[in-house]
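Worksheet: the structure to be examined is printed underneath.
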């Protein structure tokens, strides 16, 4: 009966879309919702979709998924691998891939809605399904909130969400308290002075400026953060120059920063700015660097009581050993904004998609980090089963904790 | 009478074309040649043009210009500034500008041909005018030679050429012996392993690898080359990554290297390769870097006797103080291939295009390198006069040394 | 009655001695033991002292202190500040200071022995007091074991020890499981080729080699260790050269590495070696670097059950809020060898020595790391009271858990 | 007859003395002068000696040598190798070696004085022999001038001097104009904040600050100096820290800078200061670095006319091919102060001390820089003959150009 979730997943995987461009994906979602007879609104927060199942009195449970893909060139070798290309915000043509599993997230949520819609007799309350765009920009949740998602739809009593992760398929990881770091994305433009590659003395070389800056940024984590704290300073991109023999006028860096809380955020941001400015000064730059914050993600903090409820239910349904505390993750999410702005508790968990045998072999060999493709890797490829089923079940089981 | 050289220059300046794409430029050239009644062949070495004036017995003088422009965004503020865009070999859309004066070189050569054609009675011999493409790739001369330019046209008894430079307009700089460095252009691809920006330990970060490599490459010139030797190691571009929070799998550097001779070339290339490989090893790279030589330019060596003839003629015509020995330049040229492969002597000189008052003020203030825009700068803007006239005269005067 | 512990502490503080040179300190200890009538042996593990109080049947409790000071020039401004100088293993004259509180450790142990000796009627069993040398070298515990301390004296049923830390005076910090990191001390010698400072090209400059190595070592913590793991790579010293204008032949680095366990140790050591070797290769070194392990410290792992007993007793005696779990420390200790080699459980705790008002002000201002002098700082200066008293009480209270 | 120059040289070589400590050397000199009956004064500029041969009317010719040795550990393996140790200005015990040939300079000057004294009948005028201390500190000439050497002795009509260099024994290198660079020696102290090696976040690590500074200083020569100019920025020493696990409060660098003239000096000094200050700022240093100029050496500029006279005389006496223009040297000297302050012309030349066969082999193999030990190398070892003889002759021949 119903939706062929495997086919739907493969279709989404073959047709990934970049952030705020998820129009085909939204179409797949709304077509499935229509088939299930679930009412929805499109275009919430640009390309988002919100569906509501009203089923009598009772709590309002938000189930949230994200929908967007990444500018990564897929190398999984799967027969349904993406060959898609897209246009990023700078206008550049880029490869696109569902390298973070959002296609699986959408699939699982549609599967859960189908199960909940089919079992209306067993529960009462309201389910709000939030298909959010642009999680990878850290911008989609804010866009939906700015578009009135918290006012136009029943406000949540609890916000539930889940994310694929490199755990064995079938496993769930969830922890009370801080589950994921806060994060900022910065763009740093270093201003030099261009000229001929053979006459460096007549220029202010932005490429050595960038290299020295990148090397110096390493010392923030290695020397300036308490070794017991969790912090990451990643330079995710560097771009400067067009040709061997022209020294360009500028270099541009994109930084991704991670920290457990807002106090750490302030300290690290101050250090990054200090390093960037001083390295420009060391080069004799005539103009200070430009630093722009592109996105800001809060820490993902799981409500203690609600997480305890969900964890207990998972253990009951999936077995004691299938549910672990994975520790804090250094990744970041914008799901928190829905909980923060509504005051509702949040429970956000991870579910595994890795072939359990591969995982076991890599664990035994101590090579998990090398052999198990992680999120954002061009080799990221969840096994279809039982990943789809466990994703569906986790949403249904947790929602039913509130819905009866 | 004749060609409006100022209008022709402005037209070329407004319509710059990237290397091996000089079709509109070649059209401007061939139209002018047709008007002057000088026979020519098009498409020599892809987009090159060769014109020949046969005028009785006597030496064969080659007058060579280049035609291509650069991926630079013009910022001169001139009312005839370029707003052109082109597509570079990687398929990227880039701004295009005549930031190295090849438009002026073409203009001067057409002006010289007009003068020589109009004064046939005064001299005898053969003039071969070579409008070469793709000097900026270091590839045009070789393309023309591969296309038979040395066999299909009268072989040179002397090869003459000139280049705009940041000297005061009206001045000539020429030196016997090594006038410009040898050069290589390399593309270095550093192979890491991509992943999520929050999990650097599961990746091999090619961006810190690139930064460390760039910093280390500086020590070749600062520590490993005799301070009395002339050598340059420029990283002209660095590109890696698409997004803040994805660590990419690769970083790509384009290097421009300069040295006075082939022995120095061998030493510096060995050092560059050593540094690049070791820095990849320091990162624990699983694959060694890929190093590709994109172009190789010989040193530009002026023939001693021929240069003496030309220098003497210039001093006689333009005045003692208008002709200087500018020292060796660290820029490079592919004009030498015509002389090397034919065995003819080469004389290659520089002529100034800077407003003499600006130059004098900057010299007095010790700020020439800062205030006088150099070749490849987005502010490169020769004054029209007497730059055009001196370029024309220099070609005519030097050619007539051989032609009588 | 008894020992004037304040006077004894001040005397020790004024006369600090470097590792394995603690002969005056051992004299102070043995004089006090003699006065108390407690039998002892000197010269155990070169400069160590072991005292034994036998008091009937019952468990054997080891109470361990360290005795050595550091090559730090005291800047506390105290009227009893050290002005001592010593000779380090290289033969260099260095300032010496009790910058890590071992003078306070000795004082507290002598105070505890006095209390235990005076209250023999209340308990039964054996107390072994171990005054260990050379903790700062990570070598004293091994020296005592090699000298038979585990065989020549009653073997421990439990090993207890304590360390001053920048907590408010009166507070105790103790945690079950891993309390302090494992650590290694390495000496890395980079081999270049010396020569005249004006002719770098005729040398292989070990100073740029060292600088590049130090910068690259930062990337181990910033890029290669899981951000959630605790690891430190400190270069504690760098020495090369004697004069401005001579490029030396060698540079020497001393590294201090920290990690939570032996698996992490193996990974980090491998990375350090990889970086050091590759950076030498990047310099074209003709000889690979020499890497010597100077000391190896195991992790300090508190026995779960024994720590629970001690923590409960501390809370009962000192108040709930005076006893905290301080988290894992990145410092290291060699006390573990006594427990590891004897198989006895270990409990090792920290006690505070900071003026509580200063601490409160700094905490409120968020400037603890800046304003509260930490161990090894030239400003390290515990307040005398109640630091001495709490140190004595903590030893007595914990020992009595076993002795009744 | 006379002095056994070989024995005298070997004696000096075995007993090298550091700058301003040349008392034994001065004793050897004065003993020889006494034996030759030449009047002298001792203690001029602390440890210098000045001898005067008055021989009737005529020009006053100054012949200058230096006397000091270097803190280098000799590794020549010669049976007369130095095993001496000295105490440097910081109080450290250091090895001492005549690694720059000043022992040979003294020997040659004594030999020349003996020849001139013995041939008084053949010439007339005055010879002033200046045995200068502390050339290696760049301080000896100024000390002698401050002590009145230009007033207390006949002022020069010409200043002549010579230096050993890695040319084949028998050869002379001399060039008109700039023969050696100007130079400064700086001491840079970087101020951090010390602490425990396991708690880098509570410190400001001066060792990463130093490493980043050293790497950045490389870009001055590689990016900011015209590749055609001669400039050197050498970090000759770096010192910080005493122990693996203490992060020190400071790091100290000694820099040796070289440039052809005073304008370049100003530019490079400004860049060095800019880099040093900015790198401290990048570390968040609470105190700016301290930069002290330890010595300043002028460029060594040979008077054109006087150099022509000397060169012609050398060619006549030693053969055309034995006298070359070696180009500008990047080493520096303080001999110029005598000429600058007196207004007399200077001629300063180099003479070779390398076994001609070794030199020829290394030249053929292209390994001169590697195989021929250069000044300041621990392997620097001139062959005794004809080095001694050519040094004596060069002084006599050049002096006789003025003395007749």
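Letters A, B, C and D mark the chains in the order given here, with residues in each chain numbered from 1 onward.
Please note the rule applied: a contact is a pair of C-beta atoms (placed from the backbone, for glycine too) under 8 Å apart; a residue touches a chain by one contact, two chains touch by 3 or more.
Keep in mind that this is a model prediction, so the values were computed, not measured.
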item: Contact-richer chain pair (by C-beta pairs counted) among B-C and C-D; value: C-D
item: Per Cα centroids, the chain farthest from chain B; value: C
item: Euclidean distance of C-alpha centroids - chain C vs chain D, Å; value: 48
item: Inter-centroid spacing, chain C versus chain B (mean Cα positions, whole Å); value: 64
item: Chain D residues counted as touching two or more neighbouring chains; value: 198-201, 205, 208, 212, 215, 218-219, 222-223, 226-227, 232, 258, 330
item: Complex interface listing, chain C residues touching chain B; value: 198-201, 203, 205, 208, 212, 215-216, 219, 222-227, 271, 274-275, 277-279, 281-284
item: Touch list for chain A against partner chain C, complex; value: 215, 218-223, 226-228, 230-233, 258, 263, 327-328, 330, 366, 369
item: Sites on chain A touched by chain B in the complex; value: 70-72, 88, 91-94, 136, 181, 183, 185-187, 194-202, 205, 207-208, 210-215, 218, 232, 234-249, 251, 254-256, 258, 294-295, 329-332, 369-370, 374-378
